[in-house]
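You will see two complexes here that share chain A, one where it goes with chain B and one where it goes with chain C.
This part shows the complex of A and B:
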C-alpha cells in the first residue's frame, strides 16, 4: 500500500517539477505561462467536447501503454511499441484490403486478429534474439521502429497506395464505412469496450494470476526465479508477445476507428508517449489509465492551442519532454523523503 | 607493556552508525606495537567496521584514532596508508585480470607513468620472494590458488613499508594447512616489527596466534586487548557469544565459536537401507566460471541423514549444486531423486519431486530483494501450478504471514521488500519457503554465512528438524566446525572430485589433509 502511495506522490511531484520548468521556459519565450496552462486545461478538458477528444487520444495510448508496462514489469526494456503499433496497423490493413467486399462480421474480426498478430510478431524477433542470444532488446526494438516506419512508408506509397490520393501524405484507400468502428472523431462504444476489456484482462493477468507475480519477480531478479525452477525464457517471450500484440491492437484501432485508412507516418510519437505513461504509472494498470488520460489530454490540447488560443502546439512537446526528463530519475532519496513525510503526516493528528 | 612507546594504534570513543544501526559504539582500544592482536566476535559484531575505520574506508560518526601517538585524519584511505596502516580485505581486492607484478605496482606509492612487463617482474620478484611466493609473476590473479592470492594480497599491502597490517577474516577461505602457513607468515611479520591485527572468529585460531585478544559484541567492546595467555577457550566463548543468545546445545555453542572440534553424538546408520533421496552416479560436467568441472562424482544422500560437503571454496561445490538442480547439464553419469532418474530434466521437475534449495547467494539466487516478502515466499507454490492459475493475493499474504511467523522471521508487514530484512531474517524467509513437509532433499549451500550466532543456531536446528522428519540434507560449508557439529557423514571435494567420504568421529587432521590433497 505504502509503496503504491509513494509511487503516486513521486509521479505527481515529478509532473509538478516538469510543469514549473515548462512555465519558466514559456516565460522566457515570451508567453504568459498562466495563459499557456489555462489554455492547455481548456483544450484538454474544459472546452465543449474536450473530454471526448482527450479520451479519443487516451484510449490507443492506454492500450499500448499497458503492454509496455507488462514488458517493463518482466524486466525487458521493449521500447519498440511504435514499430509494433505500425506493424499492427499495416497487418490489419492488408487483411482488410484482401478481404474487401466480405461482410463486416468476417472482415473486422479477421483484421483485428491480423493487427494483433502483426504487433506480436514485431515484438517476437527482438524477444527471441534477447532470450536466445542475449542481444540487447533496447537496441533491437528501437531499430525495429525505424524498419517498421520505412515499411509503413513503403506500403502506403506502394502496394496499398490510394491512387486517387494527392498531396504529400500518402495513404491507403479508405476503408468501407461498414468496416469502421467509429467515425473520424474516434470515440465509439466499440472502442471504449475494447479499452475496458484490455484493461480488465491485463489487470487480472498482472494482479490475479501466478503469471503476474512470477513475471514481476523475474523482472526484478531473474536469477532467483530461475533457481525456483521457472522457465524464465517462456515468461520473457510471453511478455514480448503480449506487449507487441497490444501495440498492434492500438494500431488497428487507429486504422478502423478515427483514421479509416492507413496513413504514412501517422502518430509518430505514439509509442514513446506510451512508454512515458507506463513509467509515470509505475507500471500499474490503474495508473496507466490515469496517465493515458493526462497525456491524451495534452494531445488533444496540442490540436487546440494553435487554432483556438493562438499559442504554439510545441508547448505540448516541451511538457512531454520535461516529464520524460524527470520521470526516469527514480531516486531512492526522493522515495525515502516521501516515505518520511507520509510517516510524519500520519503521526500528526 | 613497556609504557614508554606510544601504542601502534589507539581508538578513542569511536562510534559508527549505519542509519539506525550502531555498528560500533564508543570503542576505546589500544594496540601495542610489534605484537599480534586478535579482534574477535560474531558476524555483525563490528570487527570489519573497526578494521575499515582504521584503514580510512569508513569515517566514524564520532571519536578519534591515533597512530603512533599522532592523530589520524579519518575517513581517508590515503592518510591511513601514509600513517602505515594497510588492510587486506576478506574478499580480496586485487583486480582479477592483473598479472601479479602489475598488481604489486598498482599498490605501490611510486607508480610511474610507463612500465614494461619485464621491468615490473624484475622490480617485484625480490619482494615477492621474501614472502615465499614462488608463482610466475606474469600469472593472472584469478588463476592463482586461493592461498597464493592471499599471500600476494599481503605482499601487496606491505610494498609501502606499512607498520600496521590488518587482515580481515584471513582464515575464512583457507584449508587447515593453509591457516597454519598463514600463521607462520604472521609470526614472521611480527619478527620484522610489524604490528598485525587479525580479525577472526574462531577461538582455536585466536589462541594459536594472538598475543592479545579484543572482543566485540553487537558493536560494543567486551574485552580490550587482554593478553591471550590469560584466557581459556571457554572464557572467550562466553565473551563472544554472551549469555542472551539462547543457544542451549553445548556442542552448538562450541561449534559457533570454533572452540574445539565437537564430539559427535548420533550416527544414523539405520537410514542407509532406504531408497536414497539423491543418488549421483559418475556424474561429470563441463567446467564453468565457478570452478572445475565435476568428474566422476558418485554420491548418495539417504532420507534422515545430513551429508556434509567439505572443501576449500572453488573446488566444484557450486557446480555440484547446479548439477543437482539441473542448471548445469551432466555430460556423463546419472542423477536420481527419490529413486527416479532425473538426468536431463529441468529444475521445475526436480522441485516437484521434493528438491529444495537454500542457494549460495541468498541475495541474488535466494531472494528478490526489491520484491515483497509475500511474493518471495509464494513463488515456490505458484510455480507448482500452471502460470495462468487464478490467485488471491490476500490469501497468499496471510499464508506467508503464517509461515514467516512459524519460522520466527522478524518483519513489519508482508508487503515490505525482502531487502529490508537483516541477513538472519532473510535466511529464515528462505527456509520458510524451502523447508516444508514436501521437501525430500534439502540442499543447504553455505546456509549460515553472514548470520549472527542466534540465526546460525536456528539454521542448524532447522536442518536437524528436516532430517528428523525424514528428509535428506546435503550441507555445503567451508566451516569445518559447522560440518563436524551437524553432519552425519562428510564428503570432501577437491578439484571437482570427491576425495574422501568419512563418518564420525571426524578428524580435523584427516579432513584437512583431504581438502588440500595431502591425504591422497
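This part shows the complex of A and C:
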C-alpha cells in the first residue's frame, strides 16, 4: 500500500510540475495561464454536458490504454498503439463495406471481429520479430505507426474513398445508420458496455489469473521467469496480440460510434495519449480508468477551447506533452521527499 | 534530372542536419525522439524572428537559443529526473509542435501560414542550376564530414561513444557521462535548429502549423538505419529523401501502378528491415535499447 501511495503521490507531483511548465509556456506565448486552466476545467467537466463529452473521449482511450498497460507490464515496450488503432479501424471498415446491405446483426459483429483481428495482426509482426530475432520492438512498433498512417491515407484517398466527399479531408463512405452503435455524440449503452466488459476482463486477467501473475513477474525479471519454466515466448505473443486487439477494438468503436466513417488521419495523438494514461496509472486497470477520464477531459476541452473560450486547442497538446516529459521520472530525491512527507522513509533497494 | 537533384537536395538538407543531431545523441546513448519537436521549434523561431526583428542573424540566434534550451530541458528530464528518454523525447516533440502553434497563433492570429519577406541567402548565379538553393545546402556536406571527424577521430568523439556504450568505463577514465550527454544534446539542438531554419527559410520562406510533418521521426529512422554512423546515417537520410521525391513523382513515373503513399512507407519499412538484419548479423539488437533507458554509471 505504501509503495502504491508513493507512486500515486509521485505521479501527482510530476503532473503539477508539468502544469507549472505549461503555465510558463502559456504566459510566454502571451496568454493568461489562469484563464487557460480555468477554461480547460470548464470545458472538461464544469460546463453542461461536459462530463458526458469527457466520457465519450475517455472510453476509446481507456480501451487502448488498458492494452498498452498489459504490454508494458509484460516488459514489452509496444509503442505502436496508434498504428494498431488505425489498422483496426481500416479492417473494420473494409469488412463493413464488403458486407454492405446485409443485416446489422451479421455486419456489426463481423466488422468488430475484423477490427480486433486487424489491430492484433499489426501488433503480431513486431512481436514475432522481437521474440524470434530479438529485433527491438520500440523501433518496429514506432515505424509501424507511420506505415499504418500512410496505409490509412492510401485507403481513404484510394480504394475506400467516398466519391461524393467534398472538402480537403478524405474519408470513406458513411456507414449505414443501422450499423452505427452510437450517434455522433459518441455515448451509447453499447459503447459503455464494451468499455465495462473490457475493463472487467482485463482486471480479471491481470489480477486473478496465473497469466497475469507471470506477466507482471516477466516484466520485472524475465530471466527468473524463464528459469522457472514459464513460456516467455507464449506470454510475449499473447501480450502483443491482446494489446493490439484492444487498440483495434478502440479504432472500430470510433468508426462505428461517433465517426460513422473512416477519416484519413483521425485522432493522430490517440496512441500517444493512451501510453501516457497507462504510465500515469502505473499500469493498473483501475488507475487507467481514472487516467482515461482525466485525459478524456483534456481531449474534450481541446474541442471546447477554440469555440467557447477563443483559446487555441494547442494548449491541450502542450499539457499532454509536458506530462509526457516528466511522468516516467523516478528521481530518488523526490522519492525520499515523499517518503519523508508520509512519515516513513522508503527502503533503499 | 537536374531538377530532381535540386528537389532531393532541398528536401534532404533539413533532414540530414536533424539526422546529425540524432546521431550525436545516439552516440551518447540517448534515443532522441524529440528531434521532430526541435526541428519545428527551429523552423518557427526562424520565421517568427525574421518577421518580428527583420534580421536574419537575430532570427537564427533566437532559433538556436530556443532549440538548445529545449534540449537542456530534455537533458534535465532524462538525466536529473531519470525519465524514460523515449517517452520524454515524444513529450518534447509534443511541446515543440504545440508551443510553435501557440506562439504563431498568439502573435499572428489563426492564420494557415506565416510568410517571411526574405529567407536564408542563396548560392547565387555562379552555381548554375543550384543557384536558388540556400547556403545551408552547401554547408551540409561539410557539416557531415566535420561530424564524422568529431565523432570518429577526436578524443571528444571517443569519450562520447564511451559514455554511450559503457558509461561506467567512461566515468572510471574521469569523463562525466551527464556532462557529455548535455554537450551532445546541446550540439544536437544547434544542428536541429539549422535543419528547422533550412526547412522554413531555405526555399519557401514560410512557417505553417505542423510543417515538419514527421521529418524528425524520419531523421530518427535514418539514425537507426545508419547505425548512428555520421556518414551512414546521412546516406540513409539522403536515400529517404530520394524515396520521398520519387513518391511525389510516382504518378508521373509509374502511373497508378505504385500508390505514392505506399512508396512513402519505404523508409520506415527499410528501417524495420535494417534493425532486423543488424540484429540477425550481430546476434543481438544493433543498438540495444532496454526501452531506451540511459545506462547507469
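In the analysis below, the second predicted complex is superposed on the first by the 340 of 349 C-alpha atoms of A that agree within 3 Å, B and C clash if a C-alpha of one lies under 4 Å from a C-alpha of the other, contacts with A are read in each partner's own complex, and residues count from 1 in each chain.
Here, a contact is a pair of C-beta atoms (placed from the backbone, for glycine too) under 8 Å apart; a residue touches a chain by one contact, two chains touch by 3 or more.
All values reported here derive from a predicted model rather than from experimental measurement.
> Tell me the contact category for A:243 with respect to chain B and chain C: first, second, both or neither.
A:243: touches no partner chain.
> In the three-chain superposition, say which chain, chain B or chain C, touches more residues of chain A.
The partner that reaches more residues of chain A in the superposed model: C.
> Output check: A:153 vs chain B and chain C. Expected answer is one of first, second, both, neither. What do you get?
second
> Considering only touches as defined above, state whether A:33 meets chain B (first), chain C (second), both or neither.
A:33 sits against neither chain B nor chain C.
> Applying the touch criterion given at the start, work out whether A:275 contacts chain B, chain C, both or neither, answering first, second, both or neither.
second
> Given the touch rule stated above, what does A:225 touch, chain B (first), chain C (second), both, or neither?
First partner only, chain B.
> Contact-wise, after the overlay, does A:328 reach chain B, chain C, both or neither (first, second, both, neither)?
A:328: touches chain C, not chain B.
> In the superposed view, which residues of chain A touch chain B and also chain C?
Shared contact residues on chain A (touching chain B in one complex, chain C in the other): none at all.
> Looking at the complex, which residues from chain B come into contact with chain A?
Spelled out, the residues of chain B in touch with chain A are 325, 327, 346-351, 357, 359, 361, 364-371, 375-376, 378-380, 382-383, 385-393, 396, 415.
> Which of the residues in chain C come into contact with chain A in the complex?
Against chain A, the touching part of chain C is residues 31, 33, 73-74, 77, 80-84, 86-88, 90-95, 97-99, 101-103, 105-107, 110, 214, 217, 221, 224, 259, 261-262, 264-265, 268-269, 271-272, 275-276, 279-280, 284-285, 287-289, 291-292.
> If we count contacts the way the header does, which residues on chain A are in touch with chain B in the complex?
1-3, 207-211, 213-214, 216-217, 220-221, 223-231, 235
> Where on chain A is chain C touching in the complex?
25-26, 29-31, 77, 79, 129, 133-136, 138-140, 142-144, 146-147, 150-151, 153-154, 157-158, 269, 272, 275-276, 279, 312, 314-318, 320-332, 334
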